[in-house]
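Encoded as structure tokens, the structure appears first; notes follow it.
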Amino acid sequence: MVDRQAVTTALAQQRIELPSWAFGNSGTRFKVFTQPGVPRDPFEKVADAGQVHAFTGVAPSIALHIPWDSVEDWAKLGQAASDAGISLGTVNANVFQDDDYKLGSVTNPDPRVRRKALDHLLACVDVMDQTGSRDLKLWFSDGTNYPGQDDIRARQDRLAEALAAVYARLGASQRLILEYKLFEPAFYTMDVPDWGTAYAHCLTLGEKAKVCVDTGHHAPGTNIEFIVAVLQRAGKLGAFDFNSRFYADDDLIVGAADPFQLFRILFEVTAAGGLAASSEITFMLDQCHNIEPKIPGQIRSVMNVQEATAKALLVDVDALGAAQRAGDILGANAVLMDAYNTDVRPLLAELRQSQGLDPDPMGAYARSGYAERIVADRTGGQQAGWGA
Amino acid sequence: MVDRQAVTTALAQQRIELPSWAFGNSGTRFKVFTQPGVPRDPFEKVADAGQVHAFTGVAPSIALHIPWDSVEDWAKLGQAASDAGISLGTVNANVFQDDDYKLGSVTNPDPRVRRKALDHLLACVDVMDQTGSRDLKLWFSDGTNYPGQDDIRARQDRLAEALAAVYARLGASQRLILEYKLFEPAFYTMDVPDWGTAYAHCLTLGEKAKVCVDTGHHAPGTNIEFIVAVLQRAGKLGAFDFNSRFYADDDLIVGAADPFQLFRILFEVTAAGGLAASSEITFMLDQCHNIEPKIPGQIRSVMNVQEATAKALLVDVDALGAAQRAGDILGANAVLMDAYNTDVRPLLAELRQSQGLDPDPMGAYARSGYAERIVADRTGGQQAGWGA
Amino acid sequence: MVDRQAVTTALAQQRIELPSWAFGNSGTRFKVFTQPGVPRDPFEKVADAGQVHAFTGVAPSIALHIPWDSVEDWAKLGQAASDAGISLGTVNANVFQDDDYKLGSVTNPDPRVRRKALDHLLACVDVMDQTGSRDLKLWFSDGTNYPGQDDIRARQDRLAEALAAVYARLGASQRLILEYKLFEPAFYTMDVPDWGTAYAHCLTLGEKAKVCVDTGHHAPGTNIEFIVAVLQRAGKLGAFDFNSRFYADDDLIVGAADPFQLFRILFEVTAAGGLAASSEITFMLDQCHNIEPKIPGQIRSVMNVQEATAKALLVDVDALGAAQRAGDILGANAVLMDAYNTDVRPLLAELRQSQGLDPDPMGAYARSGYAERIVADRTGGQQAGWGA
Amino acid sequence: MVDRQAVTTALAQQRIELPSWAFGNSGTRFKVFTQPGVPRDPFEKVADAGQVHAFTGVAPSIALHIPWDSVEDWAKLGQAASDAGISLGTVNANVFQDDDYKLGSVTNPDPRVRRKALDHLLACVDVMDQTGSRDLKLWFSDGTNYPGQDDIRARQDRLAEALAAVYARLGASQRLILEYKLFEPAFYTMDVPDWGTAYAHCLTLGEKAKVCVDTGHHAPGTNIEFIVAVLQRAGKLGAFDFNSRFYADDDLIVGAADPFQLFRILFEVTAAGGLAASSEITFMLDQCHNIEPKIPGQIRSVMNVQEATAKALLVDVDALGAAQRAGDILGANAVLMDAYNTDVRPLLAELRQSQGLDPDPMGAYARSGYAERIVADRTGGQQAGWGA
């Protein structure tokens, strides 16, 4: 039997981190469509993130991207976050947007470029010291486009050297979160293409190094919940970057492409206690609202994670285990599907009402007039974006 | 027995069209790395394309992208091409780089946007009338990112309507070449995702409508030479966009990722007479030299196509047919592999020498000093690029 | 607004055909696990199929596979079906299980083998004449394993010739349904690998030739509902083979791998009127219950199709169209998801009760004792299977 | 500069192990086509393997599959191998062909089945003690077909327990080689789906546990040479199972689908010293000659590996390193391609002649009359196969 009260409690305590870059313009190499009202600086991003939390109640922090979100005075940005009802979260390093990084950052054949990249990573830890962020998330665009272009093993050596230097710089309660990605922007090798490579490096580094699973960074057919289960079993799952994909790293709204997969992933997480207060797993969104409005896009994303989590929590694990042990294939599957097929929207609406929130976050945001205000107010200046 | 003289003759007559955009800057959504010496206008692109032809002898035309390559005076650009030893080729329409096209161009739910897109396509035919181009190549970025976003069938109807209007505008010797692509920039549906869709539309349009096969636009595992064979059998193969890929539409140098696949494709082409002077197939490059130098990148690409073509022509089709008819699997495969395993570089070097060219195009270009000259000369101004 | 009564009516009229081979043993090249109680002849298969219909009420016919289901007296088998409350449906030809077909059946380089294969196809029409079946479903395992093994175009010619001969033999109300598949058992080329090839052949043949979409026969990333929409628009969608897959042609229970995809497919079907009595689309299952029990596997499959259909019918198409026309991406997606997120199990339970059926088909079958009876009764003899 | 003498020496010392099962019948779930002359027992397999070595000179051992190759008297089989000029090699355990293993072998929820599977694995080490084999290769078909069917983490625990028991049983010079596979025969989860999982288990086990890379066991788009490089860097690459694929685990002749990939893999191997006498890497074939003749299929496979190895050895690593360090993308790629484009067949023909072999192994075998003899002699009895 599922304890409904425990489900509600778990859902009430869930925390989903928002990416600052989801509020800026984004697109593909073909076109970045601009949207009116888009933030022009980190302060406006923080304000927008605060809206998402205001209407959902479970998104109380914003991840930063350095240097996109660099400010003179971090305390001031922290205060702005606090004013918006949220806090500053994970620091994401960016060593892919300088002409120097054409052949890589920390794996570049040129030692000067490697030093420059490492200095940036270390500077990100300086930022963490000021923002109070726990996690440094490292994703490297490093790789090669052509066979022979560089030495695969030598690049691993350079990567290991840089990671060790960053790891040594971490404070006692800080963590290094290593993200992997199959391809893009490099199209022959990526230096951290899969969970195995990230895991191996984290194992070498030590306890404070964990793996980040971005749900859009795998080869076709990859069973992501298997990776999640294996990393949890090894104590090495540090974070999720949630989004969804039909083809490549599409960065669509999480749960939009395959809600059943999201449910399966979250079931592995919850079944292993990954939602507990003591859990070391950070749940983040990492998406690009290329064509849809950004704040509603984030609200919908948060709701999709909530709904999948609610379904995962509704799985009758005792009945499931009994069917599994009995070798009852259809019975075990039916227990899982019974939870998935449940309409959990009423449950979440009730939860929101019990927290003093509107049961319908999308509608409440639309009615709030915030969208119209930012369109009217944010004129002039340069809209935030990737600046590719 | 293979007739070596016929092989040489066929290779001497091969024509490969260059894309003007390959000479400008390109990149991914993460970063466009700039390169010194990159053209700042269509005239400089034409000059660079002329270099590729000068050193290879088989690339005598340049494809244009409208509006990237729009000029006031088309005759003047034609003259510049002529001065560079080449001519203006296929006109590529671009209806994906305007904020209006966020939800599509010719398939947009808004009739005003559809009209605007169609007007651009018709204007491209006007350009063709002036440049003397035979082919209008249509690639649509149109599609949707989310299930339900738009009506799949309605978009097909709108597409059919626009194609019919363009087709009706074509001159007697002009053609409409329809390109398909699985995904990117749209991530749920593309309105022309596969050869079947392109074929069906071309069939409806008529004789002057043909399909373009871009070698990077397929799902993983797709057998491209099969599609080539089937389209040739149906008289509907109009053009190739050559490039290579490991993952998605990587737009790498053709032959760099899977030279054996390129050989198999070209074998289907040559076996069906697709290289003959009477052939209706246009052989184009469509690549992005994101990190490698652009003119050498194009020279290498042309050479890769030449080498694959040479190998394809060396297949002993009589022996192959005999083995096939006998059901001799390993024997038939061996005939094909015998050609593929041949080192055709000496043959091509000889051919170049017989044509008064340097046998080593890459070396000859490097020694020519052109690269240094354009770096020195092309200062100031705005480098050409996609402007995403 | 959705008309609930119309939804119920449509669900009550839905028809799903069962594959006879789903009741026999099946497996992989590594192992076929046997199950007690499996049918030993076509009559026992028909009896089992009758059970699926008895508990679901929407599966009143069984598809046959020739020669697996060949009997001396077709009238007798028809009577057995009638006794079981069902009828004989689509005839599936099998030209892949004879040593002669090693290099292909109708595309074999040897004319003698082609003739033999064609004779079998024609004999299948003879069977149809006796069973009263409307559809001849043709799936060809034909293809090649190695580049060069055979001539791709020549094989297309041979295929076209055979199809034309079969088509000419069809009666006025009979149809030829051509199925495509990307790979397996051939691993380099399949002669009908994709919907484009099937469509092109059906177009050449005429009105009575239609395409069958097997949901497990596509390349990774293929958007199946797009194909469904395009084929319906062209009047060429003849049948579905439902199953599900994570990797290749896994032949798992339909809806088990990606229930959202099944919903999207069925939404395209229903939106285009494909469920209407006048529809020409046959809805079949084509699955292998390698490890789960077969009759419950079929019942679950039928229920999964019903649930996805119910959700598809619940889409508020007026609201959807309005949002689409307004370019409201998130709004349109929300309309679709609102239907998908609905728990339709109560609706279907009510429907069953109104039809005099148990609201819980799985439980009712389990309680019926049929499973125990067939295990006890079906001793001795040779269990049905693929006989690979 | 490449030292041609060193290349020849390395090629002369290369060793490729043959799989006993490649000489028996194999196929797909659709059909196993039989071939005349196929071995009926392990002794005849050994004799056929001896032929492959006799004509190539680099295939002096045969891998065994237990129980397919179980014999009463292992010394007698060893003597037969010796008589055929070869030796007995790797022992491959088989825990997938018993009805008990329907839900898994060492990961089965039922402890009785796990014990049975483990006993078989331990018995395989007994065989190794008698045959003198160094390696126990473990591939598990274990996995699940449906979400919820079993507990992913619990299965990892069971797997770890079984592996530890086998590892403890190994002799001082024996090794455990763990193979991974993405899918088939399980279609939702495989318990060892990727190199990361195999690596993590081997790391836990200890020095004598190594990973086997089967070139057909990856997701689409996976960069296999990257995995090879990373495993070599970690000292964990134990063996290759060579074959080739276009789609799934097609088990085609190695080098037949993507010879350039095979070259890139072998370049990583040779560049890291993996071909040296001191190397711990076993090079095996693992293929299914479903439709082509088996002994010629194996000879061709061995030659394909030789040719790719020769090209890999011809890479001018000094020039490559210089170009890589200089960031010369096209130059570095050109060094690699220069070796790949070389026709190495004359070099290998010379090598064979210097070893007293016929320069043309395929032709020499065909002329030997062996094929005709086994067809004539091997009548009656049961042909070897997988017995699925």
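Which chain is which? They are A, B, C and D, in the order written, and residues in each are numbered from 1.
Going forward, contacts are C-beta pairs under 8 Å (C-beta built on N, C-alpha and C of every residue); 3 or more make two chains touch, one makes a residue touch a chain.
By chain, UniProt protein names: A, B, C, D = L-rhamnose isomerase.
The structure presented is a predicted model; accordingly, all values stated were derived computationally and were not measured.
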> Where the contacts of subunit C and subunit D overlap, which chains show up?
Replying inline: A, B
>> As a multiple of 5 degrees, what angle does the CA superposition of subunit A onto its copy subunit D give?
In response: 180
> Which integer distance in Å separates the CA centroid of subunit B from that of subunit C?
Replying inline: 40
> How many angstrom lie between the CA centroids of subunit A and subunit B, rounded to a whole number?
Replying inline: 38
> Touching two or more other chains, which residues of subunit B qualify?
Replying inline: 103, 145-147, 182-183, 188, 220-221, 223, 246-247, 256, 260, 291-292, 329-330, 333-334
> Among line, ring, star, complete and other, which one matches the pattern of chain touches?
Replying inline: complete
>> Give the list of subunit C residues in touch with subunit D in this complex.
In response: 26-34, 96-97, 99, 101-103, 141, 145-147, 182-185, 187-188, 220, 245-248, 250, 252-253, 256-257, 290-292, 386, 388
> In their complex, what parts of subunit D are in touch with subunit B?
Replying inline: 220-221, 223, 246-247, 256, 258-261, 291-293, 296-297, 300, 307, 329-330, 333-334, 340-343, 345, 362
> Tell me, which parts of subunit B touch subunit C in their complex?
Replying inline: 103, 109-110, 145-154, 156-157, 182-183, 188-189, 193-197, 199-200, 203, 218-223, 225-227, 229-230, 232-234, 260, 264, 268, 272, 320-321, 323-325, 327, 329-330, 332-337
